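Order of writing sets the labels: A, B and C. Residues in every chain begin at 1.
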Amino acid sequence: MTDKTQFSGVWVFAEQREGVIASVTFEALAKGRELATKRGTHLAAVLLGQGIKEKAADLFAHGADKVYYVDSSALAGANSDALTAQLAALIAQYKPEIVLGGSTICGRSVFPRVAVRAQTGLAPDCTGLDLDASGVLQATRPAYVGNVLATVVCPEHRPQMATLRPKAFKKGTPTAGRIGELIEAPAAVGDVKTKVVEVVRDAGNQVSLTAADIIVSGGRGLGGTVHFSLLTELAKEFGGAVGASRAAVDSDWINVSHQVGQTGKTVSPKLYIACGISGAIQHAAGMGSSEFIVAINKDPGAPIFEIADIGVVGDLFTVVPALIAALKNR
Amino acid sequence: MHIVVCLKQVFSTPQVRINPETNAVIREGGEWIINPFDEHALETALALKDTVGAKVTVITAGSQQAEAVLREALARGADAAVLLSDAAFEGSDAWATAKILAAGIQKVGAVDLIVCGKQTMDGDTAQVGPAVAEFLGWPCVTYVRKLAVEGTTLKLERLFEDGFEKVEVVLPAVLTVGKEINTPRMASLKGRMAAKKAQIAPVNAAALGLAPESVGRAGSPTRIVKMATPPKKTGGIKIDGSDAAAAAKTVVEKLRELKLV
Amino acid sequence: MAINYGLSEQQIEIRNIMREFALERVAPARQELDEKEEFPHALLQELGGMDMMGLYIPAEYEGFGGGSLDFCIGIEELSRICIGVSVSYAANALGSYPILLFGSDEQKKKYMPAIAKGKKYAAFGLTEANAGSDAGGIQTTAVLKGDKYILNGTKQWITNGGEADTYTIIAMTDKNKGARGASAFIVEKGMPGFSFGKKEKKLGIRASATRELVFQDCEVPKENLLSREGMGFIVAMKTLDTSRPGIGAQGVGLAQGALDEAVNYARTREQFGKPIIANQGLQWLLADMATKTEAARALLYAAARTIDSGEKDVSKVSAMCKLFSTDVAMEVTTDAVQVLGGYGYMREYPVEKMMRDAKILQIYEGTNQIQRGVIGAALIKEYASQKK
């Protein structure tokens, strides 16, 4: 139990990699702005890195009233040991009421540890956030791979922590030139026991699946590795990423990093195009929260049609090339 | 090397519903299995046992029924199993579960490495591994896809969204792994037969030195206040794709209208 | 409910493990293995780690020490998904039985542990171009020269040929004595003068390797003779008596697999506004398929238990279970294709492969006509010895 009156302010952990602030941070700032206004308090962002002070301007533009900035070489990468210690130290010092972050690999690695250090609860991977009259955060999160929506609260401990599923919240429109208070805090990264030796980006600089606005995904109906090139071509037309069902991954047609679903990645793109995917519940669990779903399948009884906004009953080997042609013809 | 693997028993099908009156989760049409990601954690430990030699202890917190996942792990080659079971543990959130597991691991004795699945497929919080590390004051490397041991140093590759990092960490440490790292082995016949006979004595809160109010519902910072079945998508329009060009035109027009392209 | 066969805890566990393995590992791979005619090396390696390769091998030779029924249950479950894989698995036993039944302790200690662990594979070489059903027509010769036998000749259609390391070979040491002039040898891959002919292209069981074994002045150490000179024919017959229930188990498993596909399809396929299983004509067909399969299983288990009881003369029962189960497999797989109609004929569905695979069961390890001959001969013997 904590003395809740000592805590105020809504914080957003600004996730950055090589000085580029993750898109989910802006989504969290927009939501955080709304919560701070409702609660009648300020919105702050926490920016941890090296030589990226000027990035605070982006955070102000997206609604932050304050930015806590810590400059340290230990914070340059996404070292979770260092980020955990630093974020926990700032929380202990400044006592925010709410701390938000992205449900990214970084957020999912750091927030649970910070929650233990801060002796408080965490609602991970949320798709909805609201406040009740007494300032208790109502965090809605899918569980049982999306079959259940649970509302989680942390009534007695502060801060209330939550990570936000990327793309589940809308970014705000930045106000250029908007300014706020920049607070520089000393580094407190503790004893860093893990050492990042090298950072390797995926070849071809592909759009990452979870960050993609558009995903073209293939399943059993593709029938082989070679046919994934057809989807790659369609994804290229859309500027999107290529996903796959478990059936396709298990058949070794495509690398597991592309797998969407219960034992793969959970995605919420604006547009999801499922090609030759039957749409078993395990797959739907990973993509059901997509904004708009197009399904192409030759089996009219395929369950994917139950969740698709547009279902094309037909052979993907004729429909996909036709789609590529139609997109080229703009 | 002594490795502890944290396991969770989950229901095999995500086809669960919520009873609107009791808020209870209704599970049907499946069976209780090892959380799929935890199978990869177990395999990580067993592979180290095969290659560099290690003792592998598996641990779970749950009711007596959860013993089944421990027996399956023994059948696959784990050396010892610990069941943390107490009525006081009921209702634990991920935070309190991590606290219980950390206490259980401390009781196991000298441990060099803890391996967890990256998340469970029911709660899906991805919280327990990192939180166990924090309760023990150990470093944690998440989403590990490759691992090599050199003395007391682990050389790892861990995934991030658009690539991977090469990371080094000195033991003791906690790792979380996904399915990229390996293919879990299946149980051997001798392993299954021996596992049937293994004695697994439950360890309770008192034995772990945990006050009942520090765990379970009372000791959990978070609480679930509402469970709902998300509104089912009603499904949209279906079009005939036998004329592929016409179907493609309809789809693209609709996407343009919605400004999706 | 299914028939309660009173299986032991161990037998139930063998069934569970093999079922999980077949569903998780074999089912996703079978179509590709069939199309590429690829030997299931990785699958057999994994079975080695699961104690399954040594199921029938005594514990003193690092096997699991199971009996005929244990082994048959393992083969049955594997065959339910793919008999191309299960024959590659079971042929190790066929190649090992001559050593297990007639080998010296030294020979067993030398060869069996590696086979039990799946580190090495075994194969049995009896058939030749002119010696199929008539094993007496063997032309491969073995001549003792100093401390070596020199083998010359060619064995044909040898399952696991080329893949196996340990071969048990029947060759003539004295052509003048006919069947009594045959002897059995253990030949290792890599022995001088031992090579392999072409890999056969087959109708079914395409995952399995079937090749010629070519012996050209092949030098085999004298100590690799199994039993005594002249025992070759007896070694072969006893080996086949012991292994035949394994083929019966392939038949039962395959029939069950085809029945599974047929019933599941019939439940979900709708025509004229209802699932096709609602048609009585189809129900009767499925009922016959199920009944025959269960009858074959009952006979198989009874035969395997007879062998496990230590009964000496098992020729008749083992021939009966091989004959009946494999004829049932052919019928049931053919009917399953019919139930699935056009889909059944397409390679996208597994029953097409099952029907192609089934045919070999009526041919290898003694054609079903030879089995009837074995049963007939046993009847003559039995009734002649009865008092009137």
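Rule of thumb we're sticking to: contacts are C-beta pairs under 8 Å (C-beta built on N, C-alpha and C of every residue); 3 or more make two chains touch, one makes a residue touch a chain.
Predicted, not measured: the structure shown is a model, and the values here were computed from it.
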Inter-chain pair with the most contacting C-beta pairs = A-B
One chain's C-alpha mean falls closest to the whole-protein C-alpha mean, and that chain is B
Report, in whole Å, the distance between the mean C-alpha point of subunit A and the mean C-alpha point of subunit C.
-> 54
Counting in whole Å, what is the centre-to-centre distance of subunit B and subunit C, each centre being its mean C-alpha position?
-> 41
Averaging only over C-alpha atoms, locate the centres of subunit A and subunit B and give their separation in whole Å.
-> 20
Complex contact set, residues of subunit C against subunit B | 9-10, 13-14, 16-17, 20-21, 24-25, 46, 49-52, 55, 64
Of all residues in subunit B, those that touch subunit A in their complex = 13-18, 25, 36-37, 93-95, 98, 119, 121-131, 133-135, 138-143, 159-170, 173, 179-180, 220-230, 233, 235-242, 244-245, 247-252, 254-255, 258, 260-261
Subunit B-touching residues of subunit A, taken from the complex the two chains share | 17, 77-78, 80-81, 84, 104-106, 108-110, 112-113, 115-117, 119-125, 138, 142-157, 193-202, 205-206, 208-211, 214, 238, 256-257, 262-263, 270-271, 281-282, 285, 288, 292-294, 296, 298, 300, 305-315, 318-319, 321-323, 325-327
Can you name the residues of subunit B that touch subunit C in the complex?
-> 185-193, 196
